[in-house]
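Presented sequentially are two complexes of subunit A, the first with subunit B as partner and the second with subunit C.
The block that comes next holds the complex of A and B.
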């Protein structure tokens, strides 16, 4: 058969490609020039094992954005959220963040990444100079380390070091009252598990110096079976156990430890227990596990917080997570900052955010503050309590004292060479 | 990595424990209470692993296919059991549904998809299996949702653990070990003594001859796949009350099952049993003596077996 066309790219195709190229490269500018709405980009984890957290972040943001838009938007501009899946991979998070700004024309970023991805998005924010609010990463160094500091990035998240100080002092008080001297730890074997457990032990020993850690276990992240870890802890016969296992790992651990009656033999401190994702899944939740508050609608015990938790549940048919309240707070802070700056210009908004205090359902005293010195959230509700197997799950939460947190945090920063 | 380098170190270093804790291991070996507890803990891990691995090894022995999607059957078994338990509140029915559901699934999977790639390249088979790992995970995500679930311990087993020679043994785990042992026994005897068993062994040895003798090998292959799926499903169902259920939960079990089959010898049922029990015991005692190297110990053991006996402990030399 006779070939009628030479192989390769024809002239027509070349022209078409060039045309398309021109349109694509001009698109952001066209989009920006026309934008009456303001686009906010958000990479977060919408697939994989922690997808539930990413989804709850998206839900919370959309819940709040709906309210802001109904009230007229940001300085008269309706918010349009552009939310993309990063699959929890740092390189993908960075790529998505860049694409959101450069191609989709997003003027601000919400970084809904776990710690690993948040540092990657942080670098993108540094490079592009775009206003970025981290909404999920608890790694303290993200804002505590001055090398990380950039004027256009903020963290609207609870922080590892704050949790450790409050957890350590709470646990020490119980250790002293009940004479718990021999402790065991069991935490997932990766940076979060190691750091959090180390910091908790540090403050526990600081407040209760005669405490001794007699056994440590470091199961793998997402390990299916903890039997050997459970029995190892039983052999060591500690009086108390600390764990920062979370999510499905924590519920597996509880189910497996339960049948060994572990919870009747020692006091258990599980910092990540009091999150609805874990509380509602465990079928036989033991009474009396000590836990930090992640998100719980009864702490702070205010009508505003309860109403927010219920509104979320009514809309999404499940309770919010720790990531939810943080993301909602980010929208609240941003809205208030835009009002103060009377502009949606990133630099002006950043200026307004620095040091901003707003009324917030998740504040320890009804307010939260974006601390000016390191662009990080302080004053949020933080505390520990014990579980019961049904709602409200953690009836009494003992609130942490922010004055102590600030003192010890400053000391910690000094010891790390941050200040 | 980024995060590690940023976060690790610095903090007035709270000392991690030593990689080697011979005292703890020796202390345990000297104490009957600890021996009982750790041995049963090893047996439980081993027995569940055996149920998954034996299906894998059976399918490989007869069909000569490395079923990379085998972990999915373990996952489906757990989800089927959880759903059946939620509706019926019957533990026995939950176990039955877990096993029977995956058997049917295995049969369909083999007849519709796997049977098309028997003659194909190994890579092709791997690709098909891997594609189904992803597809099955997404199916679970669509049907049951992406978040983790828990079945909960049936009321009958919510009892205090037994104390045998001072060691702690949960009653549920006794049941679990019993069921797995019974499965091993039935399987072993069935293959050795019954007519179907003989046909399966013959098909593993010379499928062409079995087919020439008028035996429907298609049905036989489907049956073997269903049996393998059923055993993995049973393992999933038995594990459901104590492990959290997530899409993708089959994967980590699959990796360990591969280690078991490699140690025991591909295609050997006794090898799978011994391999699984060894891995279980290595985990339970390893976590005492080598707390930072328990995983590594498993792989190290595999390497030693492979170097000294490349076909595995009970594998036969390929003629």
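The block that comes next holds the complex of A and C.
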């Protein structure tokens, strides 16, 4: 059969063009539907001695993610968290972080690692260029040291140096009022313990120059028996004691020191006491221990904070920890940043995160800020108070002054050669 | 049946002597090594998966470490519980040299090996005189000493936070270790070369001396072997390969952490050897691959990986009563020799 060429566009060509047009215009929808969920990877410690760090971080993240997803997700994409155990080993943390990005297709990382693990994940973020928010590591150098700085990594965690400044000024005021001149310290023997104690002593002496440290004890991390440490302190007869023991170590220490009635013989300043993990575990919580706030639902004393603490407790049947509020804040910051950037692209979100201030139940004035100069969280609620043996455990918390914190932190950074 | 016994058996059957055999098998080993390297090096061209490359890099680090431990445990009968200290020393030595000095990577590599050799010689000189459980415990004690030093000497090592800020990787001979594929190929090369060298040590007359010491140290000294010197030599050599494994790990994580020198790393080495078996040369390598696959898959699904890994240990220790390669070898020999040999 002879085919005749007709002028104009043939029926077949028209159909083909229409088909192609439909495919082209539908393609983005199809693609978008495929990449509808956004995966966020999270290496954290879910087994071993500090498993509570990981579980309470995971709980908080899932609590917040549920809310974000119910409200439509990140720029229309539902969040899927991929949370994996690193056993607290840095090489595993690095391996898991790389696997989450390279194999599981996670577009962002929440780093729920402590200490060395967080530095290992930081290197992965440096290598892969993926957006990473540290949510558990309090080591100041992670963001203060310019050598560590990378534009795609942020820290949404309280910092050792901030705690020391606020603790030092609070303790100095009490030292002056009560005439506490002779001090003892008792802290775990590793970098966090030594650095935090050193910085606390520095600021205590700065605000109360006639204070003297007459005894130092450095029990091992996870030491089971504190008898020798307690007796050593009692023999030195200090008027006040500072400790940055935490978690199980702090509660065993208090239980054992109670036998020697240590708490009736001196003022005790335990920066990590006011965390439900410690408060609810101690058998006889002595009255009047001075502590920094870790997480407590009555500080800041706002309905938002109380509601958040209650919601967490209702869902998980346990109190949130310090790690919980930090992880929750990370989700809140990320959500706002994605809104501002109107995109889930890592680079654009990082740009939006830098310097971002959001409303937050854990803010000193109802807001927290991701400081632009060093990608770290500031403006969170920080203060000190004294304990009572029952709820609310720390009825009155004296808030730290962020203006002073900024001034002294800048000085500290200079002294460390960071600026 | 040990390899020595196997050697003896083949001799009585009129097979070539150990020297000719090892001369021939040496070329065979080199050929196998070349083929293995070629296969590994070709992987990235066929599989795009970065996770696979990561897996092989970690296999290189732990494989070198575990096989070197087998030189002590399987070949010489010295059960070291502190072998991880050399893994840690390698990682820290290399990381510190790269961070604090501007030396090229090969120089840092050789210098780290030299540092490890010095440490191993001093520690070994004290330890290798001791037998069995005493040897195990003193090596463990030295490991904890090194671990504590790393923790407390924070100005040098960064304390419990490790060496931070990344390990610089200047390009050398056109190799850029910051590039994932380059790092992968280099790790494979180190693994294959390390295994080949260890194989040569194991098959050399010195290697057979070690087996004699393992089977009967007193007899060895009666036939004129300086047992102390031989044990010290293998202790130092094994440390060098463990240190190389540590360097590969330091490059992989771009840092060094105190956990690398902790006893758990030594424990993992022993576990790998139990899993793979200590009577074959490649047993620990098979154990490494098994352990890493197990670890990676189990941790994907549950945080109760301890239970699963514990059950696997029990299966090998109580069920099979030997490592996987030992079992395979036995099965193979039985099949080859026929049912008549079974006893």
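In this section, the second predicted complex is superposed on the first by the 385 of 419 C-alpha atoms of A that agree within 3 Å, B and C clash if a C-alpha of one lies under 4 Å from a C-alpha of the other, contacts with A are read in each partner's own complex, and residues count from 1 in each chain.
The criterion applied here is as follows: a residue touches a chain if its C-beta (ideal position, glycine included) is under 8 Å from a C-beta of that chain, and two chains touch if they have at least 3 such contacts.
It should be emphasised that the depicted structure is a prediction, and the values quoted were computed from it without experimental measurement.
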For A:165, select first, second, both or neither according to whether it touches subunit B, subunit C, the two together, or no partner.
neither
Between subunit B and subunit C, more residues of subunit A are touched by B
Based on the superposed arrangement, let me know which partner A:281 touches: subunit B (first), subunit C (second), both, or neither?
first
Mind working out whether A:378 is in touch with subunit B, subunit C, both or neither, as first, second, both or neither?
neither
Have a look at where A:84 lands relative to subunit B and subunit C in the superposition and call it first, second, both or neither.
second
Check the residue A:125 against both partner chains and state whether it touches subunit B (first), subunit C (second), both, or neither.
neither
Which of the two partners, first being subunit B and second being subunit C, lies in contact with A:235: first, second, both, or neither?
first
One more residue to check, A:191. First (subunit B), second (subunit C), both or neither?
both
Just subunit B (first), just subunit C (second), both, or neither: which does A:52 touch?
first
Look at A:103 in the shared chain and tell me whether it touches subunit B only, subunit C only, both, or neither; answer first, second, both or neither.
second
Enumerate the residues of subunit A that count as touching subunit B in its complex and touching subunit C in the other.
47, 51, 90, 115-116, 119-120, 139, 141, 145, 148, 191, 194
Which positions of subunit B touch subunit A when the two form their complex?
2-4, 6-8, 10-14, 16-17, 24, 28, 34, 37-38, 41-42, 44-45, 48, 146-153, 157-158, 160-161, 168, 170-173, 239, 241-246, 248-249, 252-253, 283-284, 286-288, 291-292, 294-295
In the complex with subunit A, residue positions of subunit C that touch it
49-51, 54, 58, 151-152, 154, 158-162, 164-166, 249, 252-255, 257-260, 264, 296, 299-300, 303-306
In the complex, the residues of subunit A that touch subunit C are 46-47, 51, 54, 84-85, 87, 89-92, 94-96, 98-99, 102-103, 115-116, 119-120, 122-123, 126-127, 139, 141, 145, 147-148, 189-192, 194
Touching residues (chain side subunit A, partner subunit B) in the complex:
47-49, 51-52, 55, 90, 115-116, 119-120, 139-141, 145, 148, 191, 194-195, 198-199, 201-202, 216-218, 220, 222-225, 227-232, 234-235, 247-249, 251-252, 255-256, 258-261, 277, 281-284, 412, 415-417
